[in-house]
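Here it is: the structure, laid out below.
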Amino acid sequence: MAPIRAQLVGATGYGGLGILELLLQHPHFQVSTLIARDDAGKRIDEVYPHLAGRCDLVVQSSDEVAVGEDCDVVIFATPDRVSQQYAQDLHSRGVRFIDYSGDFRFTSTADYGRYAARHPSISDATHGAADLLGQNAYGVSELNGEAIAHSKIVGNPGCFAVGIILGLAPLFADGLVEAGTVQVDGLTGSSGAGKKPAPLQHFSHLNDNVVPYRVLNHQHVVESEMTLGRLGQASGATVDFIPHLLGTTRGILNTMHLTANKTVTREGLLERYREFYAGQHFVRVLDSPPTLKGPLGSNYIDLSVFVAEGGRRVVVMSSIDNLMKGQSGSAMQNLNLMFGLPATAGLERGPLYP
Amino acid sequence: MAPIRAQLVGATGYGGLGILELLLQHPHFQVSTLIARDDAGKRIDEVYPHLAGRCDLVVQSSDEVAVGEDCDVVIFATPDRVSQQYAQDLHSRGVRFIDYSGDFRFTSTADYGRYAARHPSISDATHGAADLLGQNAYGVSELNGEAIAHSKIVGNPGCFAVGIILGLAPLFADGLVEAGTVQVDGLTGSSGAGKKPAPLQHFSHLNDNVVPYRVLNHQHVVESEMTLGRLGQASGATVDFIPHLLGTTRGILNTMHLTANKTVTREGLLERYREFYAGQHFVRVLDSPPTLKGPLGSNYIDLSVFVAEGGRRVVVMSSIDNLMKGQSGSAMQNLNLMFGLPATAGLERGPLYP
Amino acid sequence: MAPIRAQLVGATGYGGLGILELLLQHPHFQVSTLIARDDAGKRIDEVYPHLAGRCDLVVQSSDEVAVGEDCDVVIFATPDRVSQQYAQDLHSRGVRFIDYSGDFRFTSTADYGRYAARHPSISDATHGAADLLGQNAYGVSELNGEAIAHSKIVGNPGCFAVGIILGLAPLFADGLVEAGTVQVDGLTGSSGAGKKPAPLQHFSHLNDNVVPYRVLNHQHVVESEMTLGRLGQASGATVDFIPHLLGTTRGILNTMHLTANKTVTREGLLERYREFYAGQHFVRVLDSPPTLKGPLGSNYIDLSVFVAEGGRRVVVMSSIDNLMKGQSGSAMQNLNLMFGLPATAGLERGPLYP
Amino acid sequence: MAPIRAQLVGATGYGGLGILELLLQHPHFQVSTLIARDDAGKRIDEVYPHLAGRCDLVVQSSDEVAVGEDCDVVIFATPDRVSQQYAQDLHSRGVRFIDYSGDFRFTSTADYGRYAARHPSISDATHGAADLLGQNAYGVSELNGEAIAHSKIVGNPGCFAVGIILGLAPLFADGLVEAGTVQVDGLTGSSGAGKKPAPLQHFSHLNDNVVPYRVLNHQHVVESEMTLGRLGQASGATVDFIPHLLGTTRGILNTMHLTANKTVTREGLLERYREFYAGQHFVRVLDSPPTLKGPLGSNYIDLSVFVAEGGRRVVVMSSIDNLMKGQSGSAMQNLNLMFGLPATAGLERGPLYP
């Protein structure tokens, strides 16, 4: 089989780095070009010295090399509103792409509009490639595998959304969540904010700290509510979400509270979860509470469920590596699906512990 | 004024260390003796080298020196079921004491029994000094100041309970909490588990980790439910509590979810909180979310409140230093009240930042 | 005694914050005005929320309030080349000042020139107030107390230099260091780099990391070599210095290697160190190796000495809180000396442990 | 090719875990049995929940299964003095083995005796399999590859020794080190101390701390001095070594000082290092200083060299992941050599960053 050639746009951020490292060890993919605005002209192992001996490609600017040229797929590890600008051109040329931002997570302008209105850095909610919405797939691989496999455009999910959606999907699908309402406390490492220095990610501030932010107002709630609220027997979802920034680099642990609309048991729910995710290699349903480090460096999502006295109040916990299952790992899994490869190809790396 | 002489029992744990350091800088207290089983015979600055030049008292065993001798007050920084053994003797001799464990947090054997049943290391729920229950006071200074001032026995509150109770008291007192039910995600540093090495507190395991534990089953819930459920217009309380151990040393941040039984606004609640805690020096009601490091090293509790769209779903956050307001700081505050001193005496130290 | 009124310039950096907190709890000082370019117009407890309830002064720009107006002393917590601009004016008006940068650490233009040439951000080595050099004192309190007490201008020492100089002073003073040459590995927390976000202090990069930087090329070496090389029987000093940035917030631990020009013993050196620093409250000579957290949050410097087999190769270790003894604590100690107060006034706060 | 069957003794410590994870992803090795005293009877993914879905072998005690049975090679991830007990039996049966402790790092009883005398937990310096010394090889793969390939017994090197030896080998081999003497400050994460809780590795103590220990007295110095002192033109080595325990989990960064016996340049030394290690995949000679996280999770050793003004005083830095190149990675590399496989087999995993 000839290698699948992937072009990376936004190659020098943490998202670009993550997928680059996965592609370097993938049996079937090959990196064609690295494109980035910052650091163009430098070798990637100058930008990231830990890559010494592994990759010495030179980063190019999008002035030097055309997006979509000489490749089978483009990976946009870029902020919102970048891939929209290239989408029509790529689509018309038949080049598939996957995007890390919210640009192609929604399949209608109405849905996108709700997201854009919530996003702190999007002022204009008009989608730049509205014609293509509906042809894209939302990239939560375990729920949406078939659509992803048949789509030429995939919107990779938000990091918090992956943990919330996969953690609650069995309950929403079964129509078990009273009023469709959940309370979620999300704990996240700092790397989700990317590589750019900022006051909130300044070491002296964040070390040993916990900083709640965007309380009840985070944009990943939108895709979570839409996805959960439309599953199986669900009829809408409301997610009260409090993200907490931790003094750690990687990982997202979500603790989620809800009331069941009938009496449940812990054993019953665990069994239902295992059945729901049967055959999904990256979902691990655990007897003990998941820990932040459990999936560190790997593409796993660890889940567990607890039930309070009375059998109605339910607690679900999910843990992921925010840069893997929460970003590049999901992207790799989606790329595998898009190209007919096993979901696990290039993703065999286990967690790093201790 | 002659110095008040305090004897410390359990002087070499983190709890003993904390109150020792406060007493050393207090204008009116003096440390008479340090008692501890471990490290007896050593100078305290050999046990804790950071005390060099500050305190060179020798730690004594309780075989060498009698508990309650040559002092005005005894401070038990000991595990459950220790102070019970000395209580009758001290009481009969008129020696006041304060205890860090659950031994004197409850004023009836029935209440104590519920707590003991939940506690992982208490097998026999019979209280060792049941006659004295009712003469003791529960040491949440801001809610119970008068009782503490008039009591000879004070049960210092549990670290998680301080943050939960002070964070929710205004809402329970006003009878605002639907079904009296709250969901609490507690995030705690490792120092609450004390000085003794253990697998959960092993550095390689805990560093960069978050470990949920005793899910829905922590013993501090009992005193929280009893206290909140009996405030003002409250009629009972149910606290679903998930403690999460963080890879950090100090601090407890609780994020608490509840439904109000009528429509509320954020501004209204903040105003109510400020009024409720007027004159309480150590309670800070903030406009922004509290952070874990905000009160670090000080006796403050930082609070804030948020309201979700619709005006019914409420989020409260509280942050304390678990070894200060969550333990030794509260003890010092209670000792001040017991001896008629200003609540702030010896507690002027501000937070350490960054 | 009327309070001494201190004006802070550069009040909103970590250096300004440090001295502000010390002044707030000082029995004899009062803060008159806070001046800063950034954040002018904000209350200081908006800039630093952990100050809530402790200080609500509004930060002013130097356009609004004149440097040196309405105060007894000016504290410049500013970068290099700022205090030089105000020095002549303050001096002519008889206003004393202390400066955190290198501007007044040297007493001749020749010495300053060597420093300026090494400094990464000083392009023009001409001193802006050369006339005043010689009237200033270098603020290592323990070595230079008398000069500081009689000077109206004090140059507060560099954070690394404090630990190197006090750690090696007894050996250089006794002329014991072969060829006057030492090798120093310095380990520092991130807070010495200040409050401004930068790639090296970005949390995701620095967490769990150690990053050597400015290898053999740090500007604090200059004041270290000059001070040590001119002590007692010393005749010059060469300091090979490798700073290592750690993933921690506070503290500097220096491990220093040298060859003695005659045979020595560990016991003999420890005794000599204790004699040399007799009466110096903030110097603690320890039997065991100092740790980074030993002096955390306090003004102590912890020292110890070791001798390798053969009695000639010597290892000295020193540990300080870089923001206290390494910066604001030393400044407070110097201010006490300048105003005839005990060195310890306002500096009684012990280390925070654990 | 039939899989090579490896038996792990000491399978549940961090050392056992490390090699287990490497073997699980190795193309040619297979794990036959897991033996451990602790946790015998449990599934390995109960002991280490992050292994869920990756390995469910049951840990066995050495009462249940014989060491050396049903396998091609035994890996002892055990403390000193364990493999000595099994060595004669294994050797007589022709079963190869590799050992993590000091038991087979030395090829004479005299050398072993010097090591044992320095080791804190070895009271009897008599080797338990003295006859076999001389048939073993010391497992620094890059220096000793041929001997390792032909030996049936390999002593895996100490974690600090790997970084010191590979960092200094080119200089000692060329006879460049004046008096054969070097000063080394070693910075290490906590995981080298293993899985067992202890006061020094207690989270509340170690977090944000640096703790120098065994100053000038660490047992890894012995193998470092012996190896370096016998290289090429070297005539003996003296290593003054100060280990510093850091508040981080993984990594060892050594900063090493020496005087060259002739004038050298940085460029010349870097070139010599690159030539010396030509063809060695895991040695990376960098232009910039190595960082602790640079090789994290991988088998690389990162090196750089600096020269002070005057061209005689040299600084070398090396960085490794202490559990990989410092332990299990080196073991895997040695196993590859022992079985005629490429050194890199099963070790392709790159560093984890950020």
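Chains: A, B, C and D, in written order; residue numbering restarts at 1 for each.
Throughout what follows, a contact is a pair of C-beta atoms (placed from the backbone, for glycine too) under 8 Å apart; a residue touches a chain by one contact, two chains touch by 3 or more.
Only a predicted model underlies this, so the values are computations on that prediction, with no experimental measurement involved.
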{"item": "Most distant chain from chain C, judged by the mean position of its C-alpha atoms", "value": "A"}
{"item": "Contact-richer chain pair (by C-beta pairs counted) among B-D and A-B", "value": "A-B"}
{"item": "Centroid spacing, where centroids are CA-atom means, of chain A and chain D in whole angstrom", "value": "37"}
{"item": "Centroid distance [mean C-alpha coordinates] between chain D and chain B, Å", "value": "46"}
{"item": "Separation of mean Cα positions, chain B and chain A [Å, integer]", "value": "40"}
{"item": "Where chain D touches two or more other chains at once, by residue number", "value": "14, 189, 191, 195, 204, 207-208, 247-250, 291, 293, 296, 354"}
{"item": "Footprint of chain C on chain A - complex, ascending", "value": "14, 189-191, 193, 195-199, 201-204, 206-208, 247-249"}
{"item": "Residues of chain B touching chain A in the complex", "value": "181, 183, 185, 187, 189, 204-205, 207-213, 215-216, 240, 242, 244, 246-251, 253, 255, 257, 289-293, 296, 306, 308-309, 313, 315, 317, 354"}
{"item": "Touching residues (chain side chain C, partner chain B) in the complex", "value": "14, 17, 21, 24-25, 48-54, 191, 195, 207-208, 249-250, 281, 284, 286, 288, 291, 293-297, 300, 302, 348-354"}
